[in-house]
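Look for chain A in each of the two complexes below; its partner is chain B in the first and chain C in the second.
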Partner chain A sequence: MVNAFAYVPAVVLLPFVSFLVALGAGRYLPKGGAFGGIAATAGSFLLSVWVAATVAGGRAYNETVYTWAGGDQFELTFGLLVDPLSALMLVIVTLVALLVHVFSLGYMNDEGETGLPRYYAGLGLFTASMLGFVVADNLLMAFMFFELVGLCSYLLIGFHFREPGPPSAAKKAFLVTRFGDYFFLVGVVAVFATFGTAAFAGDGSFPALAEAALEGSADVWTPGGLELGTWLTVVGLLVLGGVVGKSAQFPLHTWLPDAMEGPTPVSALIHAATMVAAGVYLVARMYGFYALTPTTLGVIAFIGGFTALFAATMGVVKDELKQVLAYSTISQYGYMMLALGAGGYVAAVFHLTTHAFFKALLFLGAGSVIIAMHHNEDMWDMGGLKSKLPVTYYTFLAGSLALAGIFPFAGFWSKDEVLYEALVHGLNDPLLLGGYLMGLLAVPVTAFYTFRMVFLTFHGDPRTETARDPEPVRWNVKGPLMVLGTLAVGTGLINMVPVQKVFGLEGIDYLHRWLDNEWGGIAGLSSHHYADIGPYSSGYLVGGETGTVLVGAAVSLGLALAGLGLAWRFYNVASPTEHTAALGGIKDVLYNNYYLDELQVWIAYRTADIAGGADTFDQGIIDGVVNGISSVSLAGGGRIRRIQTGVVSEYAAMLTLGLIALLVVLGVGGGWFL
Partner chain B sequence: MYNALPPWTALAPALLLGLTGLALLLVDTIRPRSRSNTSMAVVGALGALASLAVTVWFVAAGTGSADTGGGITLFADAITVDTLSLFFTAIFASVTSLVVVAAHDYFHDHENPAAFYSLTLFAATGMALLAVANSLAVVFVALEMVSLPSYALVAFLKTNRGSVEAGLKYFLVGALSSAVFLFGISLVYAVTGSLIFAEVAAGIGSLGDLAGIAGIGIVMIVGGVAFKTASVPFHFWAPEAYEGAPAPVSAFLSSASKAAGFVVAFRVFTEAFPLGASVSAEINWVLAFGVLAAVTMTLGNFAAAVQEEVKRMLAYSSIGHAGYALIGLAALSAGGSGNGAVMGAAMAHLFVYGFMNTGAFLFVAMAERWGVGRTFEEYGGLARRAPVACTAMAVFMFSLAGLPPFAGFFSKYFLFMGAIDNGFIWLAALGAVNSVISLYYYSRVVKAMFLDDPTTPSALDTIDARPTALYAAVVFAAVATVLLLPGFGPVIETAEAAASALF
Partner chain C sequence: MVPPEWYLLLAAGVFCIGLFGVLTRNDALYFLMSVELMMNAANINFVAFALYYGDLTGQVFALFVIALAAAEVAIGIGIILVLYRNFGDIDVTVPTEMRW
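After this line comes the complex of A and B, so read on.
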């Protein structure tokens, strides 16, 4: 049988080739190179499915492909790691990328955008970078592709670089994520310094070494006699810096709403499958390391829970379709972080999967609405689009129900599992319980803003001329929507844990078994292993496990329905009006995103003040020393030049004197004249 | 293969150089009409290349290497051929061929270029003989054999006042230095009773009360070496001679002649005055070389930084590089395990230096041939008219400064690392500081050529000639400088093996 793993590099390289083709020859190709991109991502998707099937057949792959720098202490390598987690991620990323490419035909080509080769080149590189990140077998390689992902997001968010907004948003996205990446880079160096390797998997990998070191059976370097557990926590938090930046967690989430300036298909790609997902994926990838440091897990969970609630509240007052979705993305990734911090590795991956599909769906649906509305994104100018855009409406509704966590859509199952994990582990851990409560509170808020968006956009009477006569969309928009709509409804089936627990149906928690290496995988990278080394124990409410499952699900579903109902009451009317006045002073706070942008700008200026001090130091002392040395050497050189008089007899005299000096020094030192 | 030939054939590289020189002289003397610049240059270059080819073949075959029974001694131990001598002969032959090729264009309108080629080859013969000398007498004779043609070469432009003056100064300082050197030899002979290195070494081990005499003699020999390598305080001739001499001669002197000084130093001070015996007799010549290295590199680099003329800057930079190479002797320690490594690194540095420094001086030769000025300002904008040559010059400059990715980076790196491993961190640190200073004046050249404007709009109009042979030599040196980065492994391995065999 042909080995699927031999084609893993092709999964990454196909989109890269499409990038090169679009960049070099895009302007000579029909549709600006779109077909090349579609063919490449379709090829990658098929290969990924094959790879996933091979993993399901009980095999995994962990090989170094290329050593680009070797040394005595450690080697820097590129390698491939294909296990159930990365195989699943490969399928998600390639599928979403393929659908985004198809959708772009409708959103970019049919709308007569210019600069299409640049656009498709960016998409290709973006996809390739993310795929390279997914299959990376060590932290340094992951970091490199992580940065490439950041670069591509910069290029694509700033695609309309002639307008004022996009370049500024692109810069902001780049700088804010870069801020987190500095910590990540220091973390990578710390991992190398501590363990001498950055490999994710295998006996010599850094999670395995960390585990062995904590058991006392291995010896690793720690700085200045720091206690091992503390140092591992520090390293974990450093790497987490990159995650918080990329996955737009509080307080580095501010770039993401601005990133809506990019073309809508790009937003779908960024939010569903690439950039933002990269952060959470990284934590999942090295979960064997994080599971060893309870403090880091607590921090992750708390940041996640807080971000989930915090971002959801800001989504409530936004007027623009994509802004609402942006805050919902931040909020949903908060859930994933909550799950990871709460020891719910499978729950996090589950939510990552379902969210990838329903968020891609919502963005593409929003893109369809934007086409129809001639690029007006203000929801107050819409209304009544339900009858004009039926495909968009029903798929968007499916995505919204999933996002709001309404039974039986995909988001219900995954969000419910996230909250369940946080609850059962949090009963013994106050920090975690805090995260859980915030996550729970975010549920009705999410449902409220989601359906506020649905009702304002599709229900009621059309409020503008454009909304009365929207532009129709073609197959290349509807096709991806229908595929994703199906997935948003059905993805929950891969992991029906509550059903299993309540009805005792064994074996329908496919994702659990998949990630537990039941079909195949790499030892040390299974959910079971993570649970074994993790710090948590489970506690239950009334009625033991089954009771807790039922209570948890009922509470979150009830809250979601309450939020939905409130939105229904306020906005599902013929002519909805703003109700934000009822919020009073909070409204301004929410509109202004809790003034966090202002806070960051203020911090930036304070940083500039500190930098000014450093600058003075640099100019005065460092440069002073450098200038001093150079003027000393130039003056010294001038003197030496004067020795060279051009008179030979003086040369002879100095030569002789020099020799005599040397003789005297050595002679006296050696005692020759005694 | 090495033992299939009679032992005297081990001298083939030196013999080839000498015979070529004689042949050129013969043709020039008996049939002066049939001589032509081109045919002379071709014959000279072929002779040097043949010598190089034989040398490389010998190194590859292991002639005189430690693996095949050590050095081949001839003429009652007066001469020994080993890897060290072959390594340096390769430097001499390479530089000679580059210089001869370049001289073809430089002396295109000289009335009697033939003398240049034979003098150059005779000097090269002397250098090859220096490399194989195993007796202080041979060392002195060979040294004079290098020096005398060199004086004539510096003064080769008879009608040029600067050239003649430089030649005279070089000769006077050289005469003084030779006297010092010879006096030193006589003192050593007086104490040890022999001129053969091995016997001198035995004598050094049992000096008794005569340690002071031997010490004075050895310091005087240090002085003779310092003259040949253009080290402080015997460096005074160098800036004048390099500046006044025709640029190909400057290239030859600053690369090959300097290396010849080092091969003497490396061999004499390891074989005749072994470290352990010298130190126990309180003759600490390592300290002498340490002082010389520190002062030489500092003085060379500081002075180079304030020069206005490129050629004079290169002259001082070559003094600075002599200081770096002296680390190969200054960073030794009795019984130290890294002695072979640091001396081998110094040899490898001289090897790389042979290409990059020759190339730099040949670029100056090209500038003189074009008739553009001598100062940094007058090099302004040269890259617009001669991009290939200026790129080559930039390669030389950055390589001399020791920047990656050029060969000069590796050789300097190995040298400083060797010094650190042998416990001489202060020398390595001083070398690093000096390298930083050197970057300043080397990059001035690059800046002038690539970034500055010509002094006057018509300043570069004189560049009309396309001196093919000069171009070829410069470009070849540049390619060698770049290729020695990937090819540095064999060079440093050969050098370290050759140096280790001395301890």
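After this line comes the complex of A and C, so read on.
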């Protein structure tokens, strides 16, 4: 039998080839190289499905492919790690990438954009780097592809580089994520220094070593005799820096809303479904390590819960379609972080999966609306698009219901499980409980802004001429929407834990069983193992487990419906008005993103001041000393060289004087004159 | 036998005459001759001490110095010739190109 794992490199390399083709020959190909990208991602998708099927057949893969630097202390390698988690992620990334490529035909080619080879090259390289990140078997390789993903994000956000906004947004995205990545890089070095390896899986991997060291059966290096637990927490937090940057968590989330300057399919691919997922995926990938450090988990959960609420409140006042979606993305990744921090490994991966589908759907739906509206993104110029764009409307509605967490759409199941995990583990842990409460509070806000967006865009009367007569969209837009719409409705089926718990139906929690290596996987990378080494114990509300499930689900669904109802009441009218004025001063704060951008600019300027001081010190004192010494030698040399007159007699006189001086010194020292 | 102090005084006197010539004269030929005087002052010392200690080494050295002085004169005269060709004069204060 042919081994699917032999083709894992091809999954990564196919989009890379499409990148090379689009870059080198894109201008000679029809559609600017689009078909190469579609073929490559379709190939990758099929191979990924095959790989996932092989994993389901009870096998996993963890091999080093290439050692690019070796030494006595450790080796730096490229390798492949295919287990249930990465197989699932491969399928998600390749599927979304494929649909985005198809959608791009409608959004970019049909709209007459120029520079398409550059666009498709960027998409290809992005897909390849993301897939490389997903299959990475060690932290250093993951870091490299993480950075490549960041680079592609920069290239694609700044696609329309002739306008002022996109290049600036691209730079911001690059710099802000890079800020987090500095910590990540230091974390990678710390992992190498501590464990001598950065492998994710196996007996000699760093999570396994950390576990053994905490049990006392292995010895690892810690700086300055620091206590092991503390040091592991520090390393975990360092790596978390990269995660916070890439997954747009507070306080490094500011780049993501600006990144909406990029073309909409790029927003769908990069800033919703995959790249931002890289951060969360990284935590899930090395969860065996994070589960050992309760402090880090608490921090992750709290940041996640806070970000979920914080970003949701900003989404409430935004006027532009993509801005609302951007804040919802930040908010939803906050939920995933909350789940990871709360020990809900499966819940986080579940929400990652469903969110990838419904958020890609919403972004592509927004793209479709933007085509129809001739690239006007302001929701107050829309309205009444429901009857003109039925396919977009119904798929967008499915995505919105999923995002708002309305039963029985995909987002309901995953968000409910996230909150459930946070609740049962948080009853004994105040930090976690805080995260849970913020996450819960974000639910009605999410539902409110989601349906504010839906109602403003699709319901009521058309408010502009363009909205009255929108441009129709073609199959290449509708096709991906329908696929993703189906997934947004149905993905919840893979993990209906509440149904199982309430009705006692065993075995329908497929994702739990999948991530628990029930069909195959790598020892030490299962959800069971993580739960065993994790710090949490479960507590239940009234009625035990079943009761807690029901109460939790009912509360979050009730809150979501309340938010939806409020949006209905305010905005589902023929000609809605802005109700945000009722918020008073808060509106300005929300509209200006809590002035965080200004804060960051302020911090940047203060840093520049400090750097200016250091520069003055360097120029004045350090360089001053060096320059002073050199001018003294120059001036001294200029004077002293005058004794070289070139006249032989004077040299002779010098010699004689020297001889006499020598005689006098010898005489005085030797005591001749005493 | 003449005591060695006299030899030393003679040598010092000859040396000082040579030195005086080097320091005061501008003519290259005087220069050369003054240097010869200074060398012969050293020779007198060699021979005097050889006699005083009853050791022939000093006298052998004196012979070497005489041979060396001959060679030095050959080179010195060559330099003076070149000086004359280039500057039309053998005044040592004229060529000052080799200065700062």
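Keep this in mind: the second predicted complex is superposed on the first by the 614 of 674 C-alpha atoms of A that agree within 3 Å, B and C clash if a C-alpha of one lies under 4 Å from a C-alpha of the other, contacts with A are read in each partner's own complex, and residues count from 1 in each chain.
Just so it is clear, a contact is a pair of C-beta atoms (placed from the backbone, for glycine too) under 8 Å apart; a residue touches a chain by one contact, two chains touch by 3 or more.
What you see is a predicted model, and the numbers here were worked out from it, not measured in a lab.
What's your read, chain B or chain C touching more residues of chain A?
Partner with more touched residues of chain A: B.
Go through the superposed model and pick first if A:G504 touches only chain B, second if only chain C, both, or neither.
neither
By the touch definition at the top of the document, which applies to A:S630: first (chain B), second (chain C), both, or neither?
A:S630 contacts chain B only, not chain C.
For A:G667, decide between first (touching chain B), second (touching chain C), both and neither.
The first partner, chain B, only.
Touch test for A:G658: chain B only (first), chain C only (second), both, or neither?
In the superposition, A:G658 touches chain B alone.
For A:Q644, using the defined touch cut-off, is the partner it touches chain B, chain C, both, or neither? Pick first, second, both or neither.
both
Residues of chain A that sit at the chain B interface in one complex and at the chain C interface in the other, please.
641, 644, 646, 648, 652, 656
Which residues of chain A touch chain C in their complex?
641-642, 644-649, 652-653, 656
Under the stated contact criterion, what part of chain B meets chain A in this complex?
Where chain B meets chain A, its residues are 168-169, 172-173, 176-177, 180, 211-212, 215-216, 219-220, 222-223, 232-234, 236-237, 239-240, 282-285, 287-288, 291-292, 299, 301-307, 437, 440.
Residue numbers of chain A touching chain B in their complex, please.
Its residues touching chain B are 630, 633-634, 636-638, 640-641, 644, 646, 648, 651-652, 654-659, 662-663, 665-667, 669-674.
Which residues of chain C touch chain A once you look at their complex with the stated criterion?
19, 22-23, 26, 31, 92-93, 95-100
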